[in-house]
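The data blocks that follow each hold one structure.
Shared between the two complexes below is chain A, which has chain B as its partner in the first and chain C in the second.
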Partner chain A sequence: MAIEAQPQMPRVWRAETKPHKFCPGCGHGIILKALGEAIDALNIQQRAVFGCDIGCSLLAWDFFNLDTIQTHHGRTTPVLVGLKRARPELLAICYMGDGGAYAIGAQHLVSSVSRNDPVTIIVANNTQYAMTGGQMAPTTLPGQKTETSPYGRDVELTGRPMLGPELVATIAPSGAYVARGTVANVVQLKNFIQKGLSNQLKGRGISFIEVLSACPTNWHTNAAETWHFIEKEMSKFFPVGELRTPDGEQRQEVEHRGRQP
Partner chain B sequence: MSIAFKAITTRDGKGIFHLFPALCKGCGLCVEKCPVDTIGWAKQLGAFGTPVVEPGHGRPCIACKKCQLVCPDAAIWIEKQAPQERSDRLTSNDRKSR
Partner chain C sequence: MVTKPIKGEQRSFMTGNEVIAWAALAAGCEFMYGYPITPQNEIMHYWTRLAPKYERGFLQTEDEISAGFTTIGGVLAGKRVFTATAGPGNVLMQEAMAMAEMMRLPTVVVVTQRGGPSTATVIYSQQELNLTSFGGNGEGLRIVYSPASHDDLFSYTIKAFNSAWKYRFPTFVLGDGYQSKMRAPVTLYDPEERGLTMEPCYPMVGLPGLPGEEREPAHLRNTYNLEEELFAILSDSIKDYESMTPEVVEWEATAIDDAELLIIAHGIVSRAARAAVQVLREEGLKAGLFRPITLRPFPVAELRRLTGQARRLIVVESAYGQLEKMVKTALYGLKIPLRSYLRPGMGITPEEIVQFAKEL
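Take a look at the complex of A and B:
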């Protein structure tokens, strides 16, 4: 009997739980596919521990064939830092939304970054709190309509969108890897996540990857408008690329030393 | 893989388009990303009772695999079709007559 065609899921995905619990068109599926492919490429399935936060990201609790823990409001980072300190041979992957990482959980993120804990943090930025119905978040774009900003976000009253990777890149000690990817460029995103995971494997320091994600349900957009919002509107405020790489720092140091007489 | 998904297989242009209706939620992200607009809505229904996608609506598939890449549910698998198996391939006689 010929083998029938089967979906090309990453090996680390748990096929019994698919289709997954996210809405149609959700960016989480694309990010977790890139993460799964990066885990497969580095062959770290036996060592990786996956932590998900509260919000839509908690729906990933049965997504992978990995040991998984779910915590509340940005505490994924300190919980997995504790795990990493107790069992340094394991690989800690913290998966959060922008609400958990930037709003209520910013204290944990900032403390962890200033300690340069060797964990990999992946933050899905969809510009609002998606699970509770699309309220305004720190990352909401100016003028963007949400449940709690029906006339559009007023920057005079509520400030400008928070730039997470820029904050992390500013305060992180050397050895950190900081990047911002987008679900509109999956190959680049997988490359960033793989670099972040190998930074932790080498034990250099914290790895932080923000991903521009989609939420068609709460944005009230169809597929064409969803892509337009990610590629045109969001990238205006959130530039995509690598902000800090340990290799780049080393190169700069070598060049700096070479220039000295 | 202990669980098996049933595929709808369509041959179009350079690609063999495998679609898994049990996984497709009908979000339409692949329809917008397709550079040759070959993907469109089908009559079959998917996981959430929404239409699934099928090729054959625009120019022939070029097997670029962009739809497979952006599908959040891994519901699409593109195989490249060998040139001799393609129905739209020109034979040497066709080329001479042009």
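Take a look at the complex of A and C:
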């Protein structure tokens, strides 16, 4: 009876490696559930290759019943791009954190986007480097305390939170799909990821989905504070929604509330 | 299935970089990933001109980090692929090659050495021996070939693909700017017409069958939780490397049987050394040459055996003791005096070697 009471796992999840290796309250499990459901819905388990970065995302190396490559910090995109060029029939999914995407792997991200590489990039944004113990990241909020900004992020010295999807949406050629979802809205998140994967299936171009994610371990928050931080603090800087959709190539106006000086 | 570019034997007169592009084509290489850096560029120039005619692919990446990692992606896809680089690009390439070493991925990299450290010169050196052999945060479990002629560039580029896929260690062809830019006669051939079988390539991901149901998924990782886990993996790799070594090591010995003065040099410097041996012999000095062709694994047993009755050793290289260090390690315990002629980033002529040998 207890097992029946559990929510159902996506078909593509690997039951033998569950419960997963992420901390209690971590957002990765929710993102990977949305990804799993999207893979199930599109019935692409046979064709999908999953690449995970270094950082907490590395723990996903045996998460799915998918051929999986654990790469280096920031290097998941080039590995999967190399794979996709050599085997275009495969579906390449690049999974990484905000440090891997926007700091150490930023040149790969920018270049892949401008080449419109037909891969799907999913970025977990939890505003800091979690695996290494909670250092400041490009996405850390102004005033946010981390291990390397112990008195709060000073925007004069270290800049403002990096807006990944906005950057990608600005430089991506036509055919790109760009969105920002959140673990606080799983139905929408699954929809965004599914659209991103469909974009690759249709051969239209790159797809990029950032996901606002939770790290109660390094945020030092309880459940209520964690949800408050995602829904009330992060959302001020990182507006959720679709930024680029290839259907009609219309750019949805997303409110940039984090941009006032 | 890729189209064969060469039928029969073709005598040509071309640059080393062009030879390398033809060799990769002849080997059935399907894809090149690369980033511009001198003196490697013309490998890409020739490849991008030839590739579409023979149904091969090319991707110009954003840097050598990406060139290394996209090459890894091509290998994982099961394709015979390669990249080429030099100098500071070789430095950046090492991150991906460390991953290839850990995960036993058959990457092939052609290195056309230029002056170092830093940007230095775009011309020539033998200063990337340490980096190519031992770059990365690991043990140097790689295969490194040192060609000395255009025929070598052709045959060892083909061989690099076979050694990489047979033994699954990252494999390098360690050329240099002189060999890359020099125009020289060469014989191009189709390897299979010469009875050479190309090692088959196979995918490591994107395999047939539904993963988790019809087969186990490929879960490839390079991160381990415990010291013991890592040690077990590395011990297996080291065992494979050591058992491969007798099959892989190559060397060339010239006038060695009665040599009292043994010169040790690799790559293009070995050609100057061979000419020097001839002059020294004509002048009555019993000189010989030992040329390691594989620098990793190094022909340790062969060098120790062939050192034989030598009373003096001379290491000659366009670097400040990188080959010398390998020679000293190989000859540990032997009490033969060794002097070295070290010219980091400089070309070396036979006359210089003759003079150095006579002044000993």
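Just so it is clear, the second predicted complex is superposed on the first by the 241 of 261 C-alpha atoms of A that agree within 3 Å, B and C clash if a C-alpha of one lies under 4 Å from a C-alpha of the other, contacts with A are read in each partner's own complex, and residues count from 1 in each chain.
Here, a residue touches a chain if its C-beta (ideal position, glycine included) is under 8 Å from a C-beta of that chain, and two chains touch if they have at least 3 such contacts.
Since the structure is predicted, the reported quantities are computational estimates derived from the model, not experimental observations.
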item: Touching partner for A:Gln46 - first (chain B), second (chain C), both, neither; value: second
item: Touching partner for A:Pro78 - first (chain B), second (chain C), both, neither; value: second
item: First (chain B), second (chain C), both or neither touched by A:Pro7; value: first
item: Which superposed partner A:Ser111 touches (first chain B, second chain C, both, neither); value: second
item: Touched partner set for A:Glu156, first chain B, second chain C, both or neither; value: neither
item: Footprint of chain B on chain A - complex, ascending; value: 4-9, 13, 15-16, 18-20, 22-30, 33, 183, 186-187, 216, 222-224, 226-227
item: Sites on chain B touched by chain A in the complex; value: 1-7, 9, 18, 20, 22-23, 25-29, 31-33, 47-48, 50, 68-75, 77, 79
item: Of all residues in chain C, those that touch chain A in their complex; value: 30-31, 33, 57, 59, 61-63, 65-66, 69-74, 76-79, 81, 95-96, 99, 203, 205-207, 209-213, 217-223
item: Residues of chain A defined as touching chain C within the complex; value: 12, 14, 45-47, 49, 54, 58, 61-62, 64-72, 75, 78-87, 89-90, 107-108, 110-111
